[in-house]
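Each chain gets a letter, A, B, C and D, in the order it is written, and its residues are counted from 1.
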Amino acid sequence: MTVKVAVAGATGYAGGELLRLLLAHPDIEIGALTAASSAGTPLRQHQPHLVPLADRVVTETTPEKLAGHDVVFLALPHGHSAQLAAQLGPDVLVVDLGADHRLTEETDWQRWYGGDHAGTWPYGLPELPGARERLKGSKRIAVPGCFPTGGTLALAPAFAAGLVKPEVTVVAVTGTSGAGKSLKPHLLGSEVMGSASAYGVGGAHRHTPEFAQNLSLVAGERVTVSFTPVLAPMPRGILTTASAPLAADTDLATVRSAYEKAYDAEPFVQLLPEGSWPTTAATVGSNNVQLQVAVDADAGRLVVVAAIDNLTKGTAGGAVQSMNIALGLPETTGLPAVGVAP
Amino acid sequence: MTVKVAVAGATGYAGGELLRLLLAHPDIEIGALTAASSAGTPLRQHQPHLVPLADRVVTETTPEKLAGHDVVFLALPHGHSAQLAAQLGPDVLVVDLGADHRLTEETDWQRWYGGDHAGTWPYGLPELPGARERLKGSKRIAVPGCFPTGGTLALAPAFAAGLVKPEVTVVAVTGTSGAGKSLKPHLLGSEVMGSASAYGVGGAHRHTPEFAQNLSLVAGERVTVSFTPVLAPMPRGILTTASAPLAADTDLATVRSAYEKAYDAEPFVQLLPEGSWPTTAATVGSNNVQLQVAVDADAGRLVVVAAIDNLTKGTAGGAVQSMNIALGLPETTGLPAVGVAP
Amino acid sequence: MTVKVAVAGATGYAGGELLRLLLAHPDIEIGALTAASSAGTPLRQHQPHLVPLADRVVTETTPEKLAGHDVVFLALPHGHSAQLAAQLGPDVLVVDLGADHRLTEETDWQRWYGGDHAGTWPYGLPELPGARERLKGSKRIAVPGCFPTGGTLALAPAFAAGLVKPEVTVVAVTGTSGAGKSLKPHLLGSEVMGSASAYGVGGAHRHTPEFAQNLSLVAGERVTVSFTPVLAPMPRGILTTASAPLAADTDLATVRSAYEKAYDAEPFVQLLPEGSWPTTAATVGSNNVQLQVAVDADAGRLVVVAAIDNLTKGTAGGAVQSMNIALGLPETTGLPAVGVAP
Amino acid sequence: MTVKVAVAGATGYAGGELLRLLLAHPDIEIGALTAASSAGTPLRQHQPHLVPLADRVVTETTPEKLAGHDVVFLALPHGHSAQLAAQLGPDVLVVDLGADHRLTEETDWQRWYGGDHAGTWPYGLPELPGARERLKGSKRIAVPGCFPTGGTLALAPAFAAGLVKPEVTVVAVTGTSGAGKSLKPHLLGSEVMGSASAYGVGGAHRHTPEFAQNLSLVAGERVTVSFTPVLAPMPRGILTTASAPLAADTDLATVRSAYEKAYDAEPFVQLLPEGSWPTTAATVGSNNVQLQVAVDADAGRLVVVAAIDNLTKGTAGGAVQSMNIALGLPETTGLPAVGVAP
């Protein structure tokens, strides 16, 4: 089986990572590569590491250029996918790496993004209960945000097992590629190196409602999430520290048992042995999630630390994983189980 | 007035920063420089940036070598200061940058450090209520830990004003110099660069009881602190994200007013204007604390982000600031109000 | 065909990279993993990114443990491979990533390394004239040093075409993983980040004679090399700037033509289009060499800049490439043609 | 004596460093702060580390705003200083941190910069023979480029002593702040971190003629310079590796003696003891130059490695040092002799 794939937004970081993974995918033929402002230039100018695609020419992001493919990945700014997807027809698998179809509540969309809500598509986080069933055979997939990927996987087993109260605190330290290639002063190397900084503090970051939506679904009750993203001097990686008050007096063994139950069969999630703590470096370039749990008896909180590569599991890897499920391919096909370290 | 100063632990990062500041202090004459294992070597081998002291020879850390100074700074591993201080006599100002004399509760000491508790010295965080009075004329000073410096200053005004409940969550992103020069594999450049990692999770870090002690004192009730330190790829800086549930429905103006009241007269603390968020880069090399506050109405939490240089305000700068107060010098003497950026 | 492989030195950076590549190699079965001081520990403690091998236990580096494999990779400090190889027998393919068998001149060995010279093995830089013939079917391979890999490939075409005089200057900027996991103060993250430094200046670095040997062979006359390695704050990558006086008045077209002739058929070497300059980031995790040439008419020199990943093409990738040739496998099998960026 | 100073280009990296130094200068009163596009904004938005100037408002860069000061620093793109200086009058000390007045040859200007040559001002590298005499009392100063500062000081003593031939090779590894705050994709943190790259190769960089001009002056004959700048992942610092063929058989003692003679009385230049090699980290934030020399007998070359902070000694520190001389102040006034490390 050969699946012909187009990538819209091929010159950005998400698009580049997608192409890196697709090049290693045995069932994929890479078709159109499109971008907004770079049409007509060779891909090498934007993605010099993608040597086998160096001479491919980027075209405009139009329904015409994206037509004729089995799968179309959309790595576009929010607000651009709904109309494009509509023109691609219902038989094409459209995988949206943007935010347009993640939220279920229109009021959330309007508050955090503004404008019309494009509707909700099956959510591409296969490790969530019931997710694989919803993805199988689906022709539309909403890829999760990079922060909610780490934070949801960090706490979902605790909520599923009723171990914590629905008042979550998440601080997630992220590499700079999550901010994309946009030319903003605070993203210059001179500003980023040697510096840590927070942004979108106090519930202002657009991933906040997605966190709450995911965890509320698992918890079966409304979960509030105090979310703070922190920019750190590294290109890739998210280290999530998520905590919540313990619902009752719980010991570490009970917690570990809940996480083992949730993740032992998961191909890309590793609960580390006691005493080991995750590093983002160990996940770079892989589709893995590495996590560790702790019970803070004094503070009465469960604390979970999870490491992912924001571009792989947090974006492009998660997208390919869900595509595999939707197409009926083995879920791990083409996805790196091994990181690039140091 | 010329104050003769000795530094024990002159070859480490805290000792080096101390010497950098003391070289710029108009009232200081730098005397003995001592270290455990490097006695007999010139300082240039350990601190090549301290050019005016390049040819000074490091001696052993003994009471004899430290005698004859007005002030002795101890930048030593914990457990080494009590005995040394006793031998220096009651008229020498001893400033302990280690942990030995920070904690008031013997049980806390025994649980987190072990062994006999050396007693409690006046705590060198001048911005805390009543601290300056306790430091003035004192002959013993316990310099705060780097993490509690940032975290305490982030939340003290909120507790002083009764704005938050005593259940605090702190995630602090730190540069690697906080771990010192110890040769551990996870501190190698190859491991650190490109990686974020947590450690001492779930209340295991030794700064946890110091946090709780400080905030409980300000709050007038027992405060619990869930503290997670995160190692980030930068040499210096701590970015603290501290949050707590709001005690009542509070708006941002009320919060800002409480922080302005607490810090407007402080020479080294800057509450940033609304819309600006602190970066550790802006504080590097300075004794400043830059902070910003947010009210998360959905989560019902106050969130405060504070940036410091862990080696300056977080260690050596805080030590010199307290020394100035103890000696009756203007508090800001010799302390940089300006960072080195980018 | 399944080739059973052992790796001696599996806990270091070279060993880890080798295993990362071997895990993706379709013809390889990974057998014994050995190390000097970590015998008895699971590999996850040393290589947390190699998830499929996490539970494999490291054993001692002895001929017994290494016996029974088709291929044995030796990633050991110099001086350890000759005796080990002798005990493995002549039918086992031994690939030495260390320095022991690279140099042809005993006097060079004694001057730069000291002790007895272990002899010379076929040199694993397939892109050199005649190298593939020497590697085919060989049971012993000496993998080049990381610096000579970049520097030799940068200048070999110019010498082969007689374009330059035999007085070479090379400055190579390297990531820290080239120094391995040894616990030395100057390799601490706090020291490395934000700093560039040179070492082994003035011909003192042990790779100097290897450079000269390679280029002299291609040039057919004695080439002198002034080599300066520079440590930069990045985990991986070598950016080589190599230059030599032009033999005669030469234009850029002539130079490019010589390089195209040398490299157009090479699977892992890319001469970039005019106007593009290599970055090490574009090669990270790949077996690629990206290079660009310039003619400095004022200074009368050819200047070549080449980027590689020191652990991949510079060490483990080069080793696997040569192994493939020796075993008669397609040369590119299992080797990444695509980097991981950003 | 109080000297009133204006800074044109106060929002950039050079301007920020200048202000950092001027704030510590006892004889300076900081007057107008101007910038091209940020007029009307408070300085804190651009230089959050300059706390004492946080509320100062940036004004337009016009002769009117710059009038009424004793000294005017111009940190502007090239081509903007001549006209501005003419309007400031002959009694104002104008210190140009840009390139306009560095080159003596009009043909060099036209080839590397283009347009009309604005003329030549006294060159602000006090360590060069005769420079202090030319600077004393001067009302115009051309501050050297950051690369020529390091490279000239690395080789001037060797040329002055006739130790080397006039065919120089320089590779200089620089931090990103040298490129300023311009929003270019290759300067994004995601691109810079983990990567080394060369640019302006083959004599294309505009600092090339300045190198040659300086060294030719010292040598008394035409010196050619093959110059390659390399961008490394650090905000500050330049590590220069400069080499040239030895004029005759020379030993290290002779070389060291020439450098000691040249630099022993220099307040900001340190020839390190044998066996020590400079790191840029040791010079960060200081006005120091740290260097080391080696004789490569095999290659017949002198190799010199020099470390500076590109923003301090390489730009703003050098500017203040020359200003001090021009004004008759002690040369080291207000200039940091101590770096900020780690």
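In the analysis below, a residue touches a chain if its C-beta (ideal position, glycine included) is under 8 Å from a C-beta of that chain, and two chains touch if they have at least 3 such contacts.
Molecules present, by chain and UniProt name: A, B, C, D = N-acetyl-gamma-glutamyl-phosphate reductase.
These numbers come from a predicted model, not from an experiment.
Under the contact definition stated at the top, the chains bordering both chain A and chain B are C, D. Two chain pairs, B-C and B-D, are compared here, and B-D has more C-beta pairs in contact (counted per touch definition above). Set against the C-alpha centre of chain D, every other chain centre is closer than that of A.
Centre to centre, using the average C-alpha position, chain B and chain D are separated by 35 Å.
Chain B and chain C, compared by their mean Cα positions, are separated by 45 Å.
Shared interface positions of chain A, i.e. residues touching 2 or more other chains, are given as 13, 175, 177, 190-191, 193-194, 233-236, 279, 281-282, 284, 342.
On the chain A side of its complex with chain D, the touching residues are 13, 175-177, 179, 181, 183-185, 187-194, 233-235.
Chain contact summary for the complex, chain C toward chain D: residues 167, 169, 171, 173, 175, 190-191, 193-199, 201-204, 208, 212, 224-226, 228, 230, 232-237, 239, 241, 243, 245, 277-282, 284, 292, 294-301, 303, 305, 307, 342. Within the complex formed with chain D, the chain B residues making contact are 13, 16, 20, 23-24, 44-45, 47-52, 54, 177, 193-194, 235-236, 270, 273, 276, 279, 281-286, 288, 290, 337-342.
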